[in-house]
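There are two complexes below, and they share chain A, which is joined by chain B in the first and by chain C in the second.
And then the complex of A and B:
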């Protein structure tokens, strides 16, 4: 884990620059979750809805929706795949995404369908992750989304 | 004091006047809490709520702060979201720091023995440092002429009264004849009239909630009564608070809500006459005549005059300064009132929801 500002960043995972989701790759499967920055700036989550098991999604397409107190948005897949597992705990308690984004707050597991082409598009490696995250942090601060 | 220390959800003797609760949107605007809105718009309406260990002593059936709603006061939501507890001095300094984007401040009292004195002290602290116009949403049971006058003398420029239920019968049903209720309809009107006397025309507003069991006719009647007294009715759409006694009630049907929004606007801004609104035997609006009014232009107004924007106290320019985003609906639902001017796509949606052609007569 690398601490950047107040955020603990797991450098063992891949990151999608658009969705800000992390990808924990394990062979041809991956566990998906939300980066600490985007979970915090979405606010306190009150509901999460997944499209369901066995749903096939393309990279960038929605596999569900998330609702915070003042914000709602789609959950866009960072990689293409079929949903093989849904984290039922976050359905019951969406705030887990806020309190433990890398742990109990993970979202779904996917069986990847386009791994070779898509994984190289994700951000990976200590230096690249740190550099990307710092630049995103600055963007989010400039938009006024982060507490001072 | 750090930001983390200042922002807490636990009471632990942190009560007003030294501490207040602020809305989630307010804490975001003051950068005390990270967050963003689903749609991109400017927000500067700061809502403040008094905080006591035993909470509000009223017990209104629809309110998240009601005495008999399950849970400790500190854990209760209000308007469905958490209201962070903040140190008052720190919060005032934050408002000074961010004053360039603030549009309107409002302190909401609760029914409590200390509410008047604490409201006075907090108001004084704010007006000494912050120039943004300040309203009070007052608790009539704890007030009288002298106390109201003291707020006026401090510089409070608008007064709001949460009447909410628009008929005496409904007021008693939801706010008086309830487990720990004792509010009086007559007391509310005495305080409304005193406020009108002290503040003058168009400086007092009455919160009227659509969806508490009233008829359309009840709403229209009170609008005319209030406008006749140069008092603003502010419109709210009932939004069920989970676990409250009315938690399983439905929101008012969207077509009804849109029509009420439009007709209220026509009365307020275009002098719509009472005889041009037709009702059936159970008080539903069944016809509307709008002679000499360009309805299409009004509905499609891309400016401050839109009938579908949030009702709220103004900023220094006279535009709505208290916009309460997502106050009457969830982020997953369509906007009931808009904290910004509706865009073309929104207007298409509004027209579909309103079904005006069903009631409009030449």
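And then the complex of A and C:
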């Protein structure tokens, strides 16, 4: 983990630049969660509803819905796969996404269906992750998007 | 430059009003409609319709039996937030668009850009309103409009505002489960009037709905340098909307759905040098859904209302609560000469005790309101 500003970043995971989701790859399976920056800017997460086990999602498609302080919107998958496990703790207490984004705040596990094509599209590696996160953080700060 | 579409409707039923919002949002999906021009829909519901937020427990928020008895519509919105009472004097403002038509990078931008025309309209009418951080527009601490954003899986955006031309406290008290029901009528009314206002309450002359729509439409056109073309819902479109209404908004599975997050409520009663402090709290998971702080000090309700607003949808964290209370009390103290201010610690502790009681009684709220305590403490 590397601390950038006040955010602890896990450099062992893959990151989707658009959605700020992290992907914890383990063979042909992956655990999915949100980077601490996206949850910080969304405010408190209030509700999470997943579409259910065995749901097949394509990269960019929704596997559930979320209500944060600012909006209701979809959870769009950073990689394609079939939902094999849902984090029931985060369903009961969505604030875990805010308070423990890499730990108990994970969302779902997926059995990947297009790994070879999609994983290379994600950001990976210490330098690339740190560089990307710092530039995102600067953009968010410059534009005043960090929740106060 | 394409004109944007304008739709003017009135006396919508709950299900058709909500279905129309969804239909219009879906016109902007990435696959088929990314080029569809933005749409501004100004409308009102039939007297009356009660709408809850996307993930609220409807039984906890509104009195369904009373709604049926009074022949009021009720339903569940796509957008989040709390229960609202809509009718002839509440203007629904629905703006739908796509990323391509209306580029944006962050949710906050949508709120500031899309609520600016409403603030401009209010200013032209003579009301200085401001954006309040938790998605409300307010006039001197009193809410005048609630805002919400829904983003569809395909990236379409629905910005919604409910702007109060006027409101009827008696009707609100009949159908909304709010925690002041046990008060005297005078106290109930005073408590609501301290927290809510409307265009016609702020002005000495009455504004009618037609004029309000006209100024809102003009301000949206000016703000985005666009022309609007009035284009009503066609017969074909209405068939599709009716289908959405029947499949979703009239479907009990949608209306009465429950989210996995438990709703919890708690109450505390505390004697302070300033008087009796009664605090209600509604939690959803570890988030504060709502706080209501009342007592024998109506002159300080503006300050308490500000604390309530700032704590709404914030984390249940004592340090955070203390920071909010300290900040608001400081602001209020510097602008107010009252010598009977409540102590900061009294307020923080009252909120905290109520929250701990809520957590201790973790439960779903099928048997009553998420606001209403089960018994007096």
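Here is the rule we use: the second predicted complex is superposed on the first by the 146 of 148 C-alpha atoms of A that agree within 3 Å, B and C clash if a C-alpha of one lies under 4 Å from a C-alpha of the other, contacts with A are read in each partner's own complex, and residues count from 1 in each chain.
Operating definition for what follows: a contact is a pair of C-beta atoms (placed from the backbone, for glycine too) under 8 Å apart; a residue touches a chain by one contact, two chains touch by 3 or more.
In this text the structure is predicted, and so the values were computed from the model without any measurement.
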Between chain B and chain C, positioned on chain A by superposition, is the outcome a clash or a fit? clash
Could you look at A:70 and tell me whether it touches chain B, chain C, both or neither (first, second, both, neither)? both
After superposing on the shared chain, does chain C or chain B touch more chain A residues? C
First (chain B), second (chain C), both or neither: which does A:84 touch? neither
Name the contact category of A:113: first (chain B only), second (chain C only), both, or neither. neither
In the superposed arrangement, which partner chain does A:62 touch: chain B (first), chain C (second), both, or neither? second
After superposition on the shared chain, which partner residues are touched by A:48: those of chain B (first), chain C (second), both, or neither? second
Does the superposition put A:11 against chain B (first), chain C (second), both, or neither? neither
Chain C has the stretches 238-246, 256-264 or 328-336; which one runs into chain B? 328-336
Which chain A residues are contacted by chain C in one complex and by chain B in the other? 41-44, 47, 65, 67-73, 143-145, 148
Spell out the part of chain A that touches chain B in their complex, as residue ranges. 40-44, 47, 65, 67-73, 143-148
Contacts from chain A onto chain C in the complex sit at residues 41-49, 61-62, 65, 67-74, 76, 88, 91-95, 98-99, 140, 143-145, 148
Residue ranges of chain C in contact with chain A within the complex: 53-55, 78-80, 105-108, 110-111, 133-135, 148-153, 259-262, 284-287, 289, 313-316
Any idea which chain B residues touch chain A in the complex? 3, 24-25, 28, 31-38, 80-82, 325-326, 330-332
